[in-house]
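Quick one: the structure is below, and I'll ask about it shortly.
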Amino acid sequence: MKKAAEKPGTGKPIKPQPRYTGIATFFKAPYVDDPSSVDIGLVGVPFDGGVTNRPGARHGPREVRNQSTLIRKHHHPSGFAPSEACRIADLGDVWVETPYQLESAIENIGKFYERVVAAGVVPLSIGGDHSMSFPILREIGKKQPVGLVHIDAHFDTGSEVNGTTVHHGAPFGNAVEAGVLDPKRTVQIGIRGTLSRPDVGQFSFDSGMRVIFMEEYMELGRKKVIEEARRIVGTGPTYLSFDIDSLDPVYAPGTGTPEVGGLSTIEAQMLIRGLQGIDFVGGDLAEVSPPFDPSGNTAFVGAAMLFEMLCVLAHAHVKRKSLS
Amino acid sequence: MKKAAEKPGTGKPIKPQPRYTGIATFFKAPYVDDPSSVDIGLVGVPFDGGVTNRPGARHGPREVRNQSTLIRKHHHPSGFAPSEACRIADLGDVWVETPYQLESAIENIGKFYERVVAAGVVPLSIGGDHSMSFPILREIGKKQPVGLVHIDAHFDTGSEVNGTTVHHGAPFGNAVEAGVLDPKRTVQIGIRGTLSRPDVGQFSFDSGMRVIFMEEYMELGRKKVIEEARRIVGTGPTYLSFDIDSLDPVYAPGTGTPEVGGLSTIEAQMLIRGLQGIDFVGGDLAEVSPPFDPSGNTAFVGAAMLFEMLCVLAHAHVKRKSLS
Amino acid sequence: MKKAAEKPGTGKPIKPQPRYTGIATFFKAPYVDDPSSVDIGLVGVPFDGGVTNRPGARHGPREVRNQSTLIRKHHHPSGFAPSEACRIADLGDVWVETPYQLESAIENIGKFYERVVAAGVVPLSIGGDHSMSFPILREIGKKQPVGLVHIDAHFDTGSEVNGTTVHHGAPFGNAVEAGVLDPKRTVQIGIRGTLSRPDVGQFSFDSGMRVIFMEEYMELGRKKVIEEARRIVGTGPTYLSFDIDSLDPVYAPGTGTPEVGGLSTIEAQMLIRGLQGIDFVGGDLAEVSPPFDPSGNTAFVGAAMLFEMLCVLAHAHVKRKSLS
Amino acid sequence: MKKAAEKPGTGKPIKPQPRYTGIATFFKAPYVDDPSSVDIGLVGVPFDGGVTNRPGARHGPREVRNQSTLIRKHHHPSGFAPSEACRIADLGDVWVETPYQLESAIENIGKFYERVVAAGVVPLSIGGDHSMSFPILREIGKKQPVGLVHIDAHFDTGSEVNGTTVHHGAPFGNAVEAGVLDPKRTVQIGIRGTLSRPDVGQFSFDSGMRVIFMEEYMELGRKKVIEEARRIVGTGPTYLSFDIDSLDPVYAPGTGTPEVGGLSTIEAQMLIRGLQGIDFVGGDLAEVSPPFDPSGNTAFVGAAMLFEMLCVLAHAHVKRKSLS
Amino acid sequence: MKKAAEKPGTGKPIKPQPRYTGIATFFKAPYVDDPSSVDIGLVGVPFDGGVTNRPGARHGPREVRNQSTLIRKHHHPSGFAPSEACRIADLGDVWVETPYQLESAIENIGKFYERVVAAGVVPLSIGGDHSMSFPILREIGKKQPVGLVHIDAHFDTGSEVNGTTVHHGAPFGNAVEAGVLDPKRTVQIGIRGTLSRPDVGQFSFDSGMRVIFMEEYMELGRKKVIEEARRIVGTGPTYLSFDIDSLDPVYAPGTGTPEVGGLSTIEAQMLIRGLQGIDFVGGDLAEVSPPFDPSGNTAFVGAAMLFEMLCVLAHAHVKRKSLS
Amino acid sequence: MKKAAEKPGTGKPIKPQPRYTGIATFFKAPYVDDPSSVDIGLVGVPFDGGVTNRPGARHGPREVRNQSTLIRKHHHPSGFAPSEACRIADLGDVWVETPYQLESAIENIGKFYERVVAAGVVPLSIGGDHSMSFPILREIGKKQPVGLVHIDAHFDTGSEVNGTTVHHGAPFGNAVEAGVLDPKRTVQIGIRGTLSRPDVGQFSFDSGMRVIFMEEYMELGRKKVIEEARRIVGTGPTYLSFDIDSLDPVYAPGTGTPEVGGLSTIEAQMLIRGLQGIDFVGGDLAEVSPPFDPSGNTAFVGAAMLFEMLCVLAHAHVKRKSLS
C-alpha cells in the first residue's frame, strides 16, 4: 500500500518529475503549433495596449505559464482530469504586429482566433488586458451570438475613452453591438468599485444584462448567485470570462485596476465549479499584471482559476462530443 | 451610446485625465491653506512618536495621498459623490514642532485642529499613529462630548506606559477623562489579539463602553453589529475612528501592531456603509505604516476605507445643512 | 486608573520591555537545555529534506522565533496565560547530523524526541517540513497509539516517492503503519488542491480516517466541523498537527506546496480554540518556509497559530495534572 | 554654535519641516500652472506607449516626485542651491489625449512643450519613456539644432519597429532627421547590452555621433570621458538626456530594458558634475518604471540624478543671464 | 535608413517578436531532446540537495530560462552571435531520480551527461547547486583531465561535512581526486568570506591550484588577473565554472551562501570576455537561488553571465572546428 | 585529506551545526548578563527616537543578530578569529525606559554603558540610530577624550533641530562639547549628500576635524585615505563609528537617511581592515533600519561590517593586553 503507484499495465513505479523542472507551458501541456488535432487550446495574449491605468498584463502569459506548473493533473473534488478527457495543448502566444496602435492590434488578435476557431478548437485565453475579449468573441460568436458568464469588478461595457472604443473597459459592449454576444444571456458577477461617472454601467442595464454587484453577492450567497447565473445563460453556447480583479486585491494585487472588497479564492473556485454543465465554448482569464505582483501570487491564483475554468470547459466539450 | 460622455451642457466629450498623473492630494481634492470655505477637510498627521512597537506611520499621509488617486468620484452602490455634495479640500499636514517630546507633540497637533474646528470644518484625518485622536477629540468635543464608533483591534483605552499616558494605546481613555468623549455612547468593534495583562481593557468596561470582540462579531454577523453600533451612539454628534489594524494583517500588513484574525475589506466596507445616517462630526484613519508595506496595498486599502468614511461624513454634513 | 499597572505586591509600576528588543526565543520563553523541569517544550526542527517541491522550511524555526516575540502573554478571549499555567521553555533546535540522507535524518529527529518524551515533556514542535511528524509520533505514541487532529491542505498519507516513504507527504500513513497513530481517531481538516493521481488519499479512506475536504468545511461550517473533530478523537491522548498550508496562500505564502482556496486566519484560530478540552499530548506547526515569504507574514501567522496551539496544549496539561 | 540656525534677519530659529511631510512636488518646488514667471520648469511626462518591452514608466513622474522630497536644497560639493539661483517650478504633467495611438500621443507631448518653450522656460522633464525626447527636442531645437550629451545603455537612434518610427528606441535619430539635433555635437555615453541586429547603432556612427561604449568608459576613465564630452558638444546650446538604464540594474532595477554592467551612481553623479559649464538648454530623465522597482530605489536614484541635472542646468541659466 | 531592417534576401521587414512573449527556453534556443545534432547544449540541473545552508537553487533553471529571454542575439562589443556560429539548443533538465539521497543523486546527474558528452556536445549547465560540477567533470574529463577557470567566493575543495563528501563545497577537490581535473591548470578567482576553519582552502593550496583572493584581485586589477588565468590554464581543454556568489550579494542576492564584498557585474563581464581564446570544453553557472531573490535580478544577472560564457564557449568551438 | 576535520585532540570529526539553526545572538556569541568576565561586549541599542526622517532602526539589533549567524569564525584574509583571541559576549539590549522623551532616553542609554565601561569591557554597539554614540562616548571618554574614525554620509555634528540637540545628526558635536571626543584626532570619511543649509558641517571644520568627502575619497583612493586616517587619530585611544549610510543605498537601502553615491562593501571592508593597529577602545554600527529593507541585505551587510570592526577591536584588545 505504501509503495509507489504503478504506471497502469507496466508494473513499473511512476516516477513523478518535480513540478519545478522542465520547460514551462500552460499546465505542462504539449506546445503545438497546428491546432487541427486539439480540442481545447490554451492561448497567451501578451498585450496590454488597451489598459486605462496600470500596464503590465503583457507579461501575464509568461508568469501564468510558470505558476501553472504547480497545478497537478486531477481536480480534487471530482478526480476529473481535463487532460485525460480532451486533447489539450498550449498554442503559444498571439502575435500582435502593430502594438503601437490599439485598433489595429485588436485586429491582429482577431486574426489569430480566426484560425483557431476555424480548426474547431475551444480557446481558453490568458491575457493580457480585457480588450482581447472583443476580437475573440467576434470569432466565437460569428455564427451565433453567445451567452456570457462574466466575473469581474468592472462592467467592461463602457464607451469611448480618449479616442478609442476598444479599450479594456469596453469589450462586452462592443461584442453586443457587433451582434456576437447576447446581452439577455449575459450575467456580470462581482461588480464594484468607485465610478468616474454614475452611469458607467448604463449599457449593461439598458441592454438587458443581469448585473450582480458584490454587495448583492454577499446578500444572496454563492448558491443563489450560481442558480441565477445558470438561469440567465440557459442551455445555449456560452463564454466564460474571468477578470482577476474580481478577486480582492489581497489575493490578486498584480492587476491594473484593483478594487478593494472582492471575492476570495475559495468563493471564486466554488463559483466556477457551480457553473459545470453550462455549454461553454470558450473562455479567458484577463488582467494578470506581474509587475504589480512581486510575490507571484497573482499568477499562481490565476493559474488555479484557469484550471477550474479548464475543467468546466472540458466537461462541456465532453458533453458536446457525447451528444454529437 | 458608445461615444464618450459629454461634459454637461457643453457638447464636448469628457476627457478623463488618467489617475496616475498629476500632483497627489487626497482624492485629488484641491489643496487649500485657508479652511474657511471648506466643509470637510482632509488632514495629514505625519507623526508616529506615540507608538509602542513598530514605527513608520509618519509616512502614512504621503502614501495614502498617492493611493487615493486610484479612487474615482462616485460611490458605486449609491452613485453618491461626496465632492459634489460638499466642499472637500486637502488641508495639508499638521506641523509637529517638537516631535522629540511626545507630550508636547500632542499639544502641537491640538493647535492645528483648534483652527480647523473654529472654522467649522469637519476634519477627516489620516495618521500617523492613533495618539492623534486625543488632541483631535479635545477640539471636536470641546462644547459637548461626542459619541464614538471605534473600529480597531485594540481598546486604546490603556494606562501609562514608560512614563506617558498619551501614547497610541490610550487616546480614548484620555478623551473620556478629558470630558470630550461619552463612553456610554462609544462602541468598539473588532477588538482582539493577545494581551500583555488580562485587564488591559478594564477602562473600556468600567467606563461603560460597548466592546464587540472579533469573536462576537463573527457570532453576531455584520448586520446585528451595525444595529448595535447605531443603538449605542444614537442621534448625537459622533466621531468615527478607523484603525487599519482592525483589518486582518493580510489586508493591511503595513501597520505597527498587527493582530492576526481581523476583518476583511468587504466586511469593513459594508460595516462603514451601515453607519450611514449617524451624525458624524469628524473621523480619522490611523496606523497606516508604509515601511512595513512594501507592496503599497495597506495604503490603497486605507484610501478605500477613507472614501467610505468620507461618504458617511458627507451624508451627515448634507443632512445637518438641510436641517439648519 | 490611568496609571501604569503595578507589579503584584510591589507597588512598583510594570515597565514592559518593548517586544522588538532582546534575544528571540519562542514567545520569549526561557531557553533551557535540560528538559527535566519543563512541562511544555517548544522545539525547532530546522530540516526540510523531506519536501517534494519548494524547500526553505529549514529556516522556519528562526523566523517563527522572531515573529513570536510579537505575541503577548495572555489569550484575549479567556485571559488565559499558558506561561503562568505551565512551565514552558524553548528547548532549542533538533540537531540533524546527516541532512544529506533523508532516512537517517528522520532517525536523528527521533533521537531528540526520545529524550524529550522520556523527561515527560509535552513537545510542541516548529518545522521544518511535515516529515518530522513521523519520528515525533513514534516517540509520543510508543506506549499507546494516539489520536490526531490534522489541519492541512494535503492528506500526508501518501506512498513512496522517488525512492523514499518518509517524505513530507507521508508521515501519518507511516505513523499508522508503525502502530503509533490510531486512524479511527484521526480527523483531517481542510484537504484540497489538485492531485497528481486520483487515489492520492486512498490510505486515509482505507484506514478509516475522517477526511473533511475544504468544500465540506464550507458547507458544514466551523461549529459542526469542531463537533465532528471532537467526536472522532474522543477522550484519549491526541496529537495536534497544523500545516501552515491549510491556510489560504494569501495568509501564508511562505510554504512549499501552497494550495489556493484555504482557511482564513480567523477561521483557523476559532477552529483551534474549539478543540479546547481534548487531551492533547503534543503538537506541531509545519511547513513555514521563509524564503517564499519576503514580507514575514507567514512566520507571524505561524506564531499566532502556535500560540493558539500552546493554549489548548496548556489547558490539557493543567487538566491532566489536576486529575493525577 | 549648537543652537538652531536662524532665519536670516529674523532672529528666529529655522524650523525645518520634515521631508516626509506635505504634498509631493518635484523637490517641493511650487506647483505652477503658468510658465511665464519660471526659469526652469520641471515637467512630468506620464507616458510609456513607446516602449518595446516592459512598460510602467507612465508611473515615473509620481514616484520621482515622492522620492525627490528626500533631496535637500544645497548641492554638497559646492553649496550651490539651484532654487536660490533660479525660479524653479513644478509645471505638472503633460496631458496625453490620445494614448492609444503612439504617433498622435507624440504630437500631444509636443504641444505641451510648444507653450513651455515659447514662455522661455528651460524644461527639465521626467518620463515616461524615452520617446518623449523627440517631441521635446523638436521644440527646443526649432530655431537652431542643439548638441546632446546622452547617457544611456542604448543608442536610441534605431529604425522602424512594428509599424512605427517614434518608439523609445529612436528619438535621437528622429531628432537628427528633423534637423533639430546636430549629430556632430552629440556624444552617447555608457552604451552596452546585447543587440538584436549587429547594425543597431549604425545611424549613430553614420551621422557622426561620438559613441562611448561602457567598455571604452572603463578604459578611459571618467575624467577623459568628460573631456571628450565637453569637446564634442562645445559651446553651443546643448540638451542633456539621462536614461536611468545607463546605470547598472542593481542601482536602477525599475526600468523597461535593463542591461547588466552599467554605471554606478557615484560615477554618474561625478560625470554629470563634470559637465558643468556646458550651455544646457533643457534635459530629461527617462525610463524610471516603478512597477519593476518594489523598493523605490530607482525613483530615489532618479531623483538624485535629476538634482545633479538641475544643478548644471541652473548654472547654465545663471551664466546665460549674466551674459545677456 | 529609418525603415525596419529587412530579412536578408526577402525584401520584407523583420518583425521582431517582443522578448516577453512565447515559451521560455534558454535564450529562446530550440528545445531539443536528441543531442546528436547539437554543438553546445544548455542543460538545467534543478537540484540543490548538496547545499550546506540556504536551499532554493533547484528553482534556478526555470528562472534563468525566463530572464534569458531578455538577452538578444548579438554580443555588443563584437557583434558575435553564438547562435549563428554554432548549433545551440536547450536540452531540458537533468532528471534526478533519487533526490532524497545526495550521493545517488550525484550519480543520476552523471548519467545525463554521459549521454551528452558521448554525443560530442559541449555542455553549458545551469544549476542547481555547485555539487553538479563533480559529476559533469567526471564525464568531460574522462579521457583527459581538464583545466579550470573557477570564479567563486568559495574554494569548493572542502572535505566531508555531516557524512558526505559530495556536497556543494567540494566538487573541485572531488574532481582532482577522481583524476578528471588538473589542479596545476586550475585558477580560482574571487575567493573571500569568513571561514569556519582557518584551513578550509588547504586542498586548493596543497594540490597546486592558483588562488586569487578578492583582495588580490583588487590589488592586481582585472587585466593582470586575466593574464594570470590564461597563463595557468594554458592551451589545453578547460572548463569554466561561474558561481553566482562570486558577485557581490547586491548584484546577486538570490544565492545560498552570499559573501559581502564581491565582484560587480561589469567586472565579471569583462573578466569572462578576457578569457576568450581559451579552449573551453564545457561550463556551468551555479547557485542561482530564486527564493532568495524576490526581484528576479539574480536570475537576470545569471542569464547575462551565461551569455558571456556562451560566447567564449562558442568561440572555442568554432576554433576547434576550424582546426579539425 | 577529504575527511571531516577533527576536533583538536579528540580524534572525532567536527560536526558543524548549520548556521541557520539555534538561537540568534550576535555571531552566536554566548548571551551573558554579567559583563565582568567579558573582553568585548556586543550590545544592542533598539532605539530610534533620535531620527530626523525615516524611523525603524529600533529593529536593527534583532535583524543584525539574525544575519550575523551567517558569519563564520575566522577572518579569511588573516585566519584571525576574534572569538579565540578575546572573550566576546552578547550583552543583550540596552533598556530605554523613557522612549517618549529623547533627552531622557539618551540618559537611559548612558546608564547601561556606565556599568559596561566600569567592568572594563570594550563595547561594540549595534543601533539604533546614531544618537546613541553621544551617551556611549560620554562613558568611554570619561577619563580621557578619545579620537574617532567616523565613516558616514553625514557630519553628525549638527545643531539644535526642533527643540533638541541630542538627535542623530549631532552626537559627535555633543561629544566634543562634553569634552569626551578630541576633534583634532577625529576623521570623517565618506561625507556627501544634499544639505539643508550650506553650513551644516561648520562645526566639524571649526573644531578641527578632518573631513574626507566622498569626492575626495574617489580622488585620493582608499590607501591614501587610510594613511590620512591613521595619521589623524595617531596612537591614542580611539572610537570607531560606522554608519551604514556611508555605503551606497544599493548596498544598504534599509536606513533612515540614505544618500546616493556612497561606498561599496568591498571598499568599506578594506577600509576598516586598513585601520588595524589603531588603539580602538569601542565602536558602533548605526542606522540599520530593517523596515526599509525587505530583502534583509542591509542587516546582512551590517553584520559583515560588524565582523570587520570586531576584528580590529579584538586586535587592539590583544595588543593592549600584551603590553600591560
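A, B, C, D, E and F are the chain letters, set down in written order, and residue numbers restart from 1 in every chain.
In this section, a contact is a pair of C-beta atoms (placed from the backbone, for glycine too) under 8 Å apart; a residue touches a chain by one contact, two chains touch by 3 or more.
This is a predicted model, so every value here is computed, not measured.
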Which other chains touch chain B while also touching chain E? A, C, D, F
Identify which chain pair among D-F, B-F or C-F reproduces the interface of D-E, meaning that over half of its contact pairs, matched by residue number, are the same. D-F
Between copies chain B and chain D, are the contact residues mostly the same numbers or mostly different, with half as the line? same
Where the centres are mean C-alpha positions, what is the separation of chain A from chain D, in Å? 41
List the centre-to-centre spacing of chain B and chain C in whole Å, with centres computed as mean CA coordinates. 38
For chain A versus chain F, what separation do you get between their C-alpha means, in angstrom? 55
For chain F, residue numbers touching 2 or more other chains are 15, 18, 20, 54, 58-59, 97, 99, 162, 250, 264, 294-295
Inter-chain touches occur between A-B, A-C, A-D, A-E, B-C, B-D, B-F, C-E, C-F, D-E, D-F, E-F
Tell me, which parts of chain C touch chain E in their complex? 48-50, 54-56, 58-59, 97-104, 162-164, 167, 289, 291-292, 294
The residues of chain E that touch chain F in their complex are 52-54, 159-162, 165, 170, 173-174, 177, 191-199, 203, 206, 213-215, 218, 248-250, 253, 257-258, 260-262, 264, 294-295
In the complex with chain E, residue positions of chain F that touch it: 1-5, 13-16, 18-20, 70-77, 79, 81, 250-251, 264-266, 269-270, 294-295, 297, 300-301, 304-305, 307
Enumerate the contact residues on chain B facing chain D in the complex. 15, 17-18, 20-25, 31, 44, 46, 58-59, 61-62, 65-66, 90, 92-93, 95, 97, 99, 294-295
